[in-house]
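These notes concern the structure reproduced below.
We just call them A, B, C, D and E in the order they show up, numbering each chain from 1.
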Amino acid sequence: DPPERTKVRIMNSPYMSWAVIHLAKANGCFDDLGIDVEFVTMRGIREGLPALAQGRLDVLPGFITPGYVNLMQRGAGIRIVADKGYMEAEGCPYRAFLASRELVASGRLDSFEGLRGLRIAGERTSTSYYALSSLLRAGNLTEDDIEWIDLPTPAKQGALEAGAVDIVNASEPWITRIVQSGAGVIWLPARDVVPGFQHSFLMFGPSLLEKDREAGMKFMVGYLRGVRIYNEGKTDHNVRVIAGETGLEETLVRDACWPPIRSTGEYDTESLLTYQSWAFEEGLIDGLVPVEGFWDPAFIEYANRVLAEEH
Amino acid sequence: MGFQCKDLGVTYKTQNGELEALTDVSFSVRDHEFVCLVGPSGCGKSTILKLVAGLLEPTLGTIAFDTVPANGRPRNAMVFQEHGVFPWMNVIDNVAFGLEIRGVPREERRAIARRFIARVGLSHFEESHPHELSVGMRQRVSIARAFVNDPEILLMDEPFGSLDAMTKMVMTEELMGIWSRQRKQVLYVTHDIEEAIMLGDRILVMTGRPGRIREEIEIRLPRPRDLRDRDSAEIVKIKEHVWEILEEEVRSGLREGS
Amino acid sequence: MGFQCKDLGVTYKTQNGELEALTDVSFSVRDHEFVCLVGPSGCGKSTILKLVAGLLEPTLGTIAFDTVPANGRPRNAMVFQEHGVFPWMNVIDNVAFGLEIRGVPREERRAIARRFIARVGLSHFEESHPHELSVGMRQRVSIARAFVNDPEILLMDEPFGSLDAMTKMVMTEELMGIWSRQRKQVLYVTHDIEEAIMLGDRILVMTGRPGRIREEIEIRLPRPRDLRDRDSAEIVKIKEHVWEILEEEVRSGLREGS
Amino acid sequence: MNGRKLAGSMIPVIPPAILIVTLTLIETVTRMEILPSLFFPPPSAIVSTLYDMTTEGELLDHLSATVLRLLTGFLLGGIPGMILGMMMGWSTAIRRILDPFVAALHPVPKISSLPIIMIIFGIGFVSRTIVVAVASFFPMLINTMAGVRQIHPIYFDVARNSGASRMQILRRVVLPGSTPFILAGVRLGLNVSLSISLAVELLLADKGIGTLIWMAWQTMRIEELYAAIVTAALVGISIRLFVQVMLDRCVPWATKART
Amino acid sequence: MNGRKLAGSMIPVIPPAILIVTLTLIETVTRMEILPSLFFPPPSAIVSTLYDMTTEGELLDHLSATVLRLLTGFLLGGIPGMILGMMMGWSTAIRRILDPFVAALHPVPKISSLPIIMIIFGIGFVSRTIVVAVASFFPMLINTMAGVRQIHPIYFDVARNSGASRMQILRRVVLPGSTPFILAGVRLGLNVSLSISLAVELLLADKGIGTLIWMAWQTMRIEELYAAIVTAALVGISIRLFVQVMLDRCVPWATKART
């Protein structure tokens, strides 16, 4: 008798940072656990957060935004349950500041003073903005000293090429694309500004946190299996799956930086506390959420036990 | 079976203030009576017809009808001075409109409409739309539509004004036939004094604006009347009388600029 | 200074195929001549006027004018059967429209318009919009507009059809005054045979559809003419003749359904 | 045939001629790489991409998803809009009561209120359709209302004089009398519905021309991007042809002359 | 005063009454937490947020940025749309030539072509304004065109008979004759411009109601989100009042009766 199957609705986006989920699903990591993953395609977590809080989505792979903090601050039943990407001190940069080769070569960017008056493009989404803000703080500058330009990602490359902006903040695969097109070079990886930053994670909503924790546990087992496959690196198989799910060329996927994910799913809570104090000073959040208010380790603990037994 | 208008007054609100169109209008139309309404241009004839038709609320006064119309049959049908032929319907649908409203089945109402269309001489144009007709042809559509409705009261606002003399005569004969066969009241606006005398049991002559009934003239000529009698002393007398009233009203209107 | 129409033919394209409205229409209007056009409803009178006005291209035939209009002055002005008073302009702007087009300064054109508005008895309504006027009042606006334009050729399509007998007489006097003072050609559509005889130098009597000129009748009565003369043998003869033609045309039209 | 008629008979060939000239011009300019070829592929490349996408069947899938969304949304929004527009155009009382609400709701940004709609109606088909429906509701309502208000009052008088009920007046006077403006509303509404369908697909669908556009952006396949946009344009041309046919069939009287 | 007139005089108070009743209802429901208060704040909380935002001056800043963008875009798009619409409504030849292009361009999704527009026109004011202008161009064009086509041909005849030049016909017949539909287009166009302004601000502005909405989403400050949307609704009501005043002033003849 096959076990009763549980449906888990998970927000899907064809971004590189969804790679783990795509790999896990493609490799059937959930199948023998009785979990059926249903993808709900959306563009960003802005749309997904309320759905998660209302129990219309069960799992939201996401990145940190002030809205997430504010929602938990107000008692929404959502928690971070696993790592999905952080900024490693060494290795390739998943997010970076890029500038034209000439600007970097000129040496102007070697001192913070050189930033004054430059046009810097990014999105006021937290990570991009957090990196910039941290950069400026490190140099005792404020946002008034530069010109911040909000740009949709696809326009960044053209803007840099046309000289409409001086510096852009981008993530993969845009970094590789910009570099390969010759429009710009990496000037400063974001990890140098916000080292170790936990930019990406997996969230559960009330349906898995409260109603059906067991399903959450099982899902996590599948997820961590996916992480292990991901950590095998740029194997042909992995490249093909990710390229297939995101629609990117395989060469681009292969050339791009894959951010590291801890195979235990362990999450650096310290990083989020630092982020919160920054966001609070910026007036983006209404209060600080303590660790137990945003992080629920029970799921990875269970999954790690199961996976340890398997081996 | 007639109706009585009592102390009717109408004041239009316009951009340049109020305009008193009618004042103290009282008259009645008796059962099976043919009443003509003549008066200077702009004196309120069309306004009176709209009041009787219930399309306009009088500012003052009341209208009382002797009977409630039998089921289905409309109390009145109006031939509008501006024809009001629906541009989005072809001729036959325009003429059959009243029957459609009363729920007469399609084939039946088209058959009836066809009969009346033939009588106004438009059989070739049953399927035409109004913009393909001449002005007089549109007026005939509007006449046929009113006849088809077969009301108790026929309200006709210069119904034959856009027709040539001969077609007008044919239509007049048609009207007199319908009126004498079926008991109807007719309130008939015309600019043609001779026509009023030939058709009416009574003529109401109006003053200039604000319109009042200045005089009621009973026409006691035997029917059927003949246009060629028009030089009889009686007719000439009435004609000259109406003419004098009109002249006085129009001249004084023109003097004061309306 | 007149104009000649030669072998004019008009065929309208309609939803139900082609409709021949005019065929073989030839006539000319001489300098300072007053020509009346009578014919059964729907025979193509308005169509002829539109051809002369250049608002419609004939399917066949040509129209030749003897002169080119002097600068500014329009060749023709038309009183449309449907009035065509602009709903978005008040009375004075409607009447002054032709002058505005010719670039006459505002105050000057308003002064001229005001004079003509007074003559058609609408001084109280200078600032009113057309929807606040009765049908006859709108027709007078349209008449004043044409008079103001002071053209070489006046084209009038039943210009006084919506006016009471007395107002009509006043307007007719006005027209005759203008026509006799200023050398103009007038082409005048009317349904009233007596009116045609009283006004015209010539009457063109048309057949039913497709319209042709069936007969041209010269009226050799001295001017000014008097309506009260209408029982003179000459007039009666013409009247009866026209009447007979019309009767024949209309009866045959009615028989075959228009 | 005189010169004017000859010129008139040339009209149908002018738009294609303009199109061909423009495309040739762009082709030349892009081939000469005057514009950055990364963002400005030559039209021939776009056409061939379009051809490939069609033969692979993918395009038709996306197209039919979008058209379905568009039509469902339009019917759900446009028809209520038309009915309400007729009521509001006809009755001053209804207009005065409802117009403030219409005015307040109309500018509420459709796409940016999608999150709220998702909060209220969930993340499924319903929310997506509601956004598209709302978008076509307003052009239909406002145009129908204006259309009804321009019907000459005499036609209402004639209908009332024939004893027509409110329903009959609606069907036989209000509806046909405002058809030209309803059709202008249909054209606007369908186009807005299309735009919003695309935007919704961009945000959260997994199928449709909008998804195609977004995927093309995301993967920087510029030919596909243009091919998707050309497909949207073709839908727009179909909408216009449809409205044109309706105009010719339903209101020959209005485009020629009116009594 | 009879019953009917009395009822008529009540009309102006009905919309506020409906509003008050609805708000009271929502207030009760949300206070009773029948709906999750996280996403459904009571109206009173929204009003007080609105008040705070206004007194802090922040709201007015954003509002004026949006209104400026909206008006600039509308003028740049709506007026050409109106002029082209007049030409296309008037001349069958021009309509036949241009309409296919209008039909093809209309559905091209405004917002998702923003990146292309930014590539062509840069990232500044111009790109943002073009998107808004294009959005208001089409409703104005299509409504004006429909408006011109419904003008009874006799008025063109009268004008030509008076010797009017094309320019004079345009000014004295085409323009006034289509005003009711131009104004319906203005209403639609202004609202679309507003929606698109907000969407553009959502994407890339640093000021405006759209930015406010976006920031509120980003930070999940739901009261601010609703407050921003209410502000957009108020702009919509102002648009309607403006169009109403224009209607009453410019076309008293059209709303009452026509010759």
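One rule holds for everything that comes next: a residue touches a chain if its C-beta (ideal position, glycine included) is under 8 Å from a C-beta of that chain, and two chains touch if they have at least 3 such contacts.
Values in this document were obtained by computation on a predicted structure and should not be read as measured data.
Enquirer: Quick check on the contact network: minimum steps from chain A to chain C?
Expert: 2
Enquirer: Everything stays put except that chain A is ignored; which chain groups still touch one another?
Expert: Without chain A, and with every other chain where it sits, the touching chains still make one piece.
Enquirer: Provide the labels of all chains in contact with chain C and in contact with chain D.
Expert: B, E
Enquirer: Counting only C-beta pairs in contact, which chains form the busiest pair?
Expert: So the chains sharing the most C-beta contacts are D-E.
Enquirer: Report the inter-chain centroid distance for chain B and chain D in whole angstrom, where each centroid is the mean of the CA atoms.
Expert: 48
Enquirer: Could you put a whole-Å number on the gap between the CA centroids of chain B and chain C?
Expert: Whole-Å distance between the two chain centres: 26.
Enquirer: What's the distance between the Cα centroids of chain A and chain B, rounded to whole Å?
Expert: Once rounded, the distance between the two centres reads 83 Å.
Enquirer: From the C-alpha centre of chain A to that of chain D, how far is it in Å?
Expert: Averaging C-alpha atoms per chain gives centres 38 Å apart.
Enquirer: Which chain C residues sit where two or more other chains touch them?
Expert: 15, 82, 129
Enquirer: If I count partner chains per residue in chain E, which residues reach a count of at least 2?
Expert: 39, 115, 119, 154, 214, 217, 252, 254, 256-258
Enquirer: Multi-chain contacts in chain A: which residues touch at least two other chains?
Expert: 46, 50, 54, 154, 158 - these are the residues of chain A that touch more than one other chain.
Enquirer: Could you list each pair of chains that touch, in label order?
Expert: Every pair of chains in contact is listed here: A-D, A-E, B-C, B-D, C-E, D-E.
Enquirer: Which residues of chain C touch chain B in their complex?
Expert: Residues 12, 14-16, 19, 38-42, 44, 46, 81-82, 118, 121-125, 127-129, 132-137, 139-140, 158, 161-168, 170, 191-193, 231, 243, 246-247, 249-251, 253-254, 256-258.
Enquirer: For chain D, which residues are in contact with chain E within the complex?
Expert: By the definition above, chain D touches chain E via 7-8, 11-12, 14-15, 18, 39, 93, 96-113, 115-116, 119, 138-139, 142-143, 145-146, 149-150, 152-154, 180-181, 183-184, 187-188, 191-192, 194-195, 198-199, 202, 210, 213-214, 217, 225, 229, 232-237, 239-241, 254-258.
Enquirer: Which positions of chain A touch chain D when the two form their complex?
Expert: It comes out as residues 12, 14-15, 39-43, 46-47, 50-51, 54, 56-57, 154, 157-158, 161, 177, 181, 246-249.
Enquirer: So in the complex, which bits of chain C are touching chain E?
Expert: Those in contact with chain E are residues 50, 53-55, 74, 76-78, 80, 82-89, 97-98, 100-102, 129-131, 138, 149.
Enquirer: For the complex, which residues does chain D have touching chain A?
Expert: Checking each residue of chain D against chain A gives 36, 38-39, 114-115, 118-119, 122-123, 202-206, 211, 214-215, 217-220.
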